[in-house]
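In what comes next, subunit A is part of two complexes: it sits with subunit B in the first one and with subunit C in the second one.
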Partner chain A sequence: MTTTAPAPPQQSSLDWVKKNLFRNWWSGLITVVLLPLTLYVAYRALRFLFVTGQWDAVRVNLTLFMQGTFPRDEQWRLITQIMIFALAFGIGLGTNSAASRDRAEDAGLVVERGSVAGTLARMWSLVAFIALLLFFATTDDVGNFINPFLVVGGSMVIAGAGYQARRLPRRFRNVGWLLTMTFLVIGFQTVSGFDAGGWVPLGIVYGISVYSIAPVDRFDATWLRIALRLVGAGVVVLGIRAIYAVVDTPGIGWDEWSGLHLTLMVSAIAIVLAFPLGLLLALARRSTLPALRMMATAYIEVIRGVPLITLLFMGQFILGFMMPAGTLLSAITRAIAVMTFFSAAYIAEIVRGGLQALPKGQTEAGQAMGMAPPPIMRRIILPQALTAVIPAMVGQFISLFKDSSLLSIIAVLEFLGVRKIIHAQEAFRGVGIAETLVFVAIGYWAFAFAMSRESQRLERRLRVTR
Partner chain B sequence: MTTETQEPQGSEAARPPFYRDVRVIRVVGQLVAVIVVFGIAYWLVNNLISNMNRLGISTSFDFLFGPTNTAIPYHEEFAIRSPVWQMSLVGIKNTFLAAIFGVILASVVGLIVGVSRLSDNWLVARLATFYVEFFRNIPPLVLIIFFGFAVFTFGPFPIFSESWELKLPGSDDTLLIINNDRWGVPGFTATGSLVLFWVILAAGIVIAAYMWRRRTKHFEQTGQPHHRVLWFTGVVVASLVVAYIASGQPLDVSWPVISENRRRVDGGFIANWGWISVTFALGLYTASHLAEIIRGSILAVHQGQSEAANAVALSAFQRYRFVVLPQAMRIALPPTINQYLNLVKNTSLGTAVGYAEITALTKTSVGNGRPAFQSFIIVMAVYLVFSLSISLTLNVVNRRLQLESR
Partner chain C sequence: MTTEQNPQIYSDATQAKGQAIIELTDVDKFFGDFQALADINMNVGLQEVIVVIGPSGSGKSTLIRCINRLEKHDRGTIVVDGIDLSDDIKNIQEIRRETGMVFQSFNLFPHLTVIDNITLAPRQVRHESKKDAEDNAMALLERVGIPEQARKFPGQLSGGQQQRVAIARSLAMKPKVMLFDEPTSALDPEMIKEVLDVMVELAEGGMTMIVVTHEMGFARAVADRVVFMSDGYIVEVGTPEHFFTNPQEDRTKLFLSQIL
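So, the complex of A and B:
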């Protein structure tokens, strides 16, 4: 490399080594001891990964790890679900990034442009995990050879297509959000079935959207506006109910779910259900009403004071007994219920932290404007407090994701629990125990690491905008 | 004038209807909340009791005094016929054995890794970052199972009957026994009553603590070196010697020995593999969290503090020891205790490797037909009492340690 510019201060690699590895005698000593050790451990690890590891237990059972004991001839449901989720995430991401870009430009900030390469680099652990899956998948039979590539490639294309929702004009951005929610629910129901009970989530999504965006501003009377909104929402909800009554196709209930699919679903469902509960608990704990405060505090402290596994045992052994005689709750339902109530306590503490961090002046400003307490909470306090705790919430999701591994102890076959059926197979009894475990560890690690990176980025961005 | 007459009238007229009166809303709201919550709780408990009665499951705690009827793994001395509460005590003891050593391991590793992340040696900093990112993002249960079942496949771990034994040079006593089932190291056995020994030792520790405070005060008043660590250690060691002699030498070193039938290790301090996997897995896992806390706390100490220390010509060690670390410790204390509590709660994952801690034993006992509700209520109460007392203590300590903020 030749440059015509005046030579920069020579920072040769030797200088770098001197400065960073042999700065003084003890630094050099540590380097001399640690470097061979590190290289040896890395050599052993790579050798295990590529040479000595008996990866057949993973290779043969890759489908089992991904979807567990989910019926094989219903696999299309899972594949369709992944595609629909990819679409939903694409649209959501596109709409969200467009919205935040517009907000930043309105505020006169310079917007850093994200890129696909940047996102992939941030998510490198997930990319590596998918690459590992594809690496294992290639040696399988043709059907399994096609599927993983189809799923990964197809969902990327679809997500990219959905991302184009960022081009929607501003006034249609609500539509983008509505589409995201719709596809999330529908993706969920491709597996669980569009039966008559399944209309509830979509009904809630559309009911709330119609209620909040109904064009009724021209009417003066408050009660009339509310009544019209309610009627509109009601009509939409009933319409969805009617559609579901007609479609009515049973799917695979979550009793049959397992594998990585179940791990991801359980954590997602639990965090979504736990959020409103945790928010209420946090508000109750901060409330000036002593009865509410004491009940919320007691709940939060008790749940946080005991290990999750004892609660899961309680759920397995007791929750059924706490229902009226004859109620049947599947193991997964009980597990999800317990995980939800468990996370709610932790989310409550996170939200409480966010509420406490807000200066009192915010409330006082609202009061000075003559606002009642509920609007102050809803329009001033919560938007700021919840934005501030987003990184902590991602952290809570990561730990919930890791905690979902405990379900294997109560005989729910999630990602870790699948190992039990693998090592019950004739060929793998006592073979590849470390290999399957390492594979599972890599899987958990890839997801958790990607999420923690994302939460660090969010934290940085939030700190900048504040 | 007008205001005087109008004000009472105005407030009389503007008095809101009762359903918008804050005082009424507060009372009614609380009543409704209490009724709803207790109603749900009553409904659940009522269902529970009626279902248990219907199925003929006992709703009392009498089972605690019935015989256990199962052996506890690695506790050959435990009589099968002993009552259930004694089994629970063994479980609690094991929970704390794993927790205490896990906390020690986590603290040591966490401190080293946390400080290493700030090292100016590139390799050390990189390795520490790798350690943190590696262990932080793997579920502790996976780590425990790895240590429990998979670690053997990576190296030559001797099976029981071919244990590695490390003899004390020049004698027949064994220093270390290692196999894939238990590890044994020398320990102590009581040959007589230990009451006097413990009493004298406790008194010695109290005196040592008093000396510590006196030396500190001496230092604060006169500025002469306090040597309080020396004083403290000296008094404790002296009281150990006195206690040992005065109580009639009731302790004996016991060396681990593989028993005649080569099935167990007798004597010494014996670590079974369940304990090893729980302690190591949780210790290493928690260390990754502690390292982040320590790093963050050191970084959180204001830059000016280091500069001030440099300005008064403190050495690097003195800067850390007397300026940075004491302040970092204040910041680090609450999250650290939180991590310790997490570690204690995570020992319940020992169930997965059959370590005989309270949750695992209770699970077995429930499997043997003890009523599940009461059994797990007891387990939860044990953890809860521990967690709550620690967090209460922490709150008090924290309030004393925090600097007055303006």
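So, the complex of A and C:
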């Protein structure tokens, strides 16, 4: 395999076959056995997809797969929500990648440039899934056509538009993540309604933002800096509370969600909540305080030793008894809580691995300059440790996404669970069971594969600046 | 054994001239059962350059790492610029702010650009404004001769350049004392000189320095006093002339004969 010649010798396709398929007698034998087998399996799969499959169960119930039993009159909320999330996602990605690209280019590094075609090629599994949706939808009524087309296609276009935020001048880019957060919360409110509780997430997001960007550097006393930041954050939170008191309307909560929409939302919410929790657990497990360390260790080891399905059942049956009467949490809320606490234990172990992999000299360099432990952690250790564990972290996110299918067992109608309603219908009782399963499998695969490809690229990008 | 416990005075250079900025009295340090530092008594005067030499495992690095509490000493007292090094975290932080340290393996932060490496601590600890910190960082990069590398990442620099950035990073905290822990040992031979040049210039500028090194040329040219350590003890202290022309202790002679 060592071709040291300046130009590699031209290879004919016959050479390639000889070299790779019939290198010696046993590789030839393997080829002779496996090649027909592969072709046969592919033939059967394609035949099932395009000829023998009874896809009506999927075709007729496409909307059910997408949004489940969410009230049809309110489906504009779902579509709007996805669009707003797509916008938030695009802006966040755009401003972020522009910032790291500028830093790398300042350093004289060559940066790989993205393009629409490149993004679509990377996301080919999602593109294929959309094509499949359209393939099923076009033959049916317009309502079904509009739904997947608007939701998936439209949100991609809008995400692309949001991504153009990377063209913002540098000094405006800091507002990028503020915009992202705003749209994330507003997107959430679109579905749950702008009800009285809505000020809490928006208030928290803006409170944290104001706290972290408050220009209080000129004050020397630490307590004064913290106090001023808290006051600023508090004023913002109260302001948002006041606005919400005015626009208070009853809405539709996540208890009504189902279908692919619920699958995506549950995964996203659990990921967003589990990440900080896991981070704190990892830090607690490395703490010098024995009580904290032991509690974190016990939590992590207990959760990791119990199957998720057991925890989900416990969440449904035991949590209800432990809560005070009258505070009944919905099945979905409890499921999200269990998924969050479950993932946090695994994320904690991943983060701990990243922390341990860092050389001790990094901490010592910070210490030697008189930095206190919190800034050392925040500015020196965590940025490096978290970058190092991106592949493992995305792997955890993907398995969380797939594990959300277990919710179907506890009577939550997510993407897989929707099949129960479908096959309870008169027309599809015992009909198209394989087809709906295959459709769900393709849906899961499309998202999981896209996530994995994106993580590979993210990893490459971040390594540029190493 | 007697010489180990009572280092002999061979020249008038054993005590610091003028005001002492670092004073170590009867310092012991153990790693488990292993005694890394034994009965260390040492003064460092203002603007003095001390070079610590000795075979590996003799406690040189441990000695300077105890001064800024990267290692905790078990017995004795360490006083830096009038501050008694105790378990009080405030005391420790204060001492660390006054002592810069340069490591053998540079320990630059690979995720930050050169200028961010230098401005991080001044911004976080001294709460300097971004502009002040960056102006100061550029001046320091100017001084160590690599202002054009400011926007690069450490991984793009040569070893010698990285170590010079590390020196600039330490200086950004405006320390009164600089500790060097074998600053040239991880460098390719052709890069050693550029780092030593910066250190010589620093010494000529009046910086108080304790340097652990194997660079005897540097010791001869710059040191006010040379300290020879072995098995955790200070075996011999003297001026460079005394040290390289007329060492008294057998172990000093043996060591010098092995490396010179």
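Simple rule for what comes next: the second predicted complex is superposed on the first by the 427 of 466 C-alpha atoms of A that agree within 3 Å, B and C clash if a C-alpha of one lies under 4 Å from a C-alpha of the other, contacts with A are read in each partner's own complex, and residues count from 1 in each chain.
Definition applied: a contact is a pair of C-beta atoms (placed from the backbone, for glycine too) under 8 Å apart; a residue touches a chain by one contact, two chains touch by 3 or more.
Here the structure is a predicted model, which means the values were calculated and not measured.
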item	value
Combined model on subunit A where subunit B meets subunit C, clash or fit	fit
Touched partner set for A:Arg47, first subunit B, second subunit C, both or neither	neither
Which partner, subunit B or subunit C, touches more subunit A residues	B
Contacts of A:Tyr444 with subunit B and subunit C, given as first, second, both or neither	first
Contacts of A:Ala107 with subunit B and subunit C, given as first, second, both or neither	second
Partner chain(s) touched by A:Thr38 [first = subunit B, second = subunit C, both, neither]	first
Which of subunit B and subunit C A:Ala368 touches, first, second, both or neither	second
Touched partner set for A:Thr387, first subunit B, second subunit C, both or neither	second
First (subunit B), second (subunit C), both or neither touched by A:Val306	first
Subunit B versus subunit C as contact partner of A:Lys420, first or second or both or neither	neither
Closest Cα approach, subunit C to subunit B, once both complexes are overlaid on chain A (Å)	5
Interfacial residue positions of subunit A with respect to subunit C in the complex	103, 106-109, 217-220, 225, 359, 361-362, 364-372, 375, 379-380, 383-384, 387, 465-466
Subunit B partner contacts - residues on subunit A that touch it in the complex	20-21, 23, 27, 30-31, 34-35, 38, 48, 284, 289-292, 295, 301-302, 304-311, 313-314, 317-318, 321-325, 398, 402-403, 405-406, 408-409, 416, 433-434, 437-438, 440-441, 444-445, 448-449, 452
Of subunit C, residues touching subunit A in the complex	68, 70, 93-94, 96-97, 99-101, 103, 105, 107-111, 113, 120-121, 123-125, 127, 129, 151-153, 155-156, 169-170, 173
Footprint of subunit A on subunit B - complex, ascending	26, 29-31, 33-34, 37, 44-45, 47-48, 50-52, 54, 120-124, 127, 133-134, 136-143, 145-146, 149-151, 153-154, 345-346, 348-349, 351-352, 359, 363, 366, 372-373, 376, 379-380, 383-384, 387-388
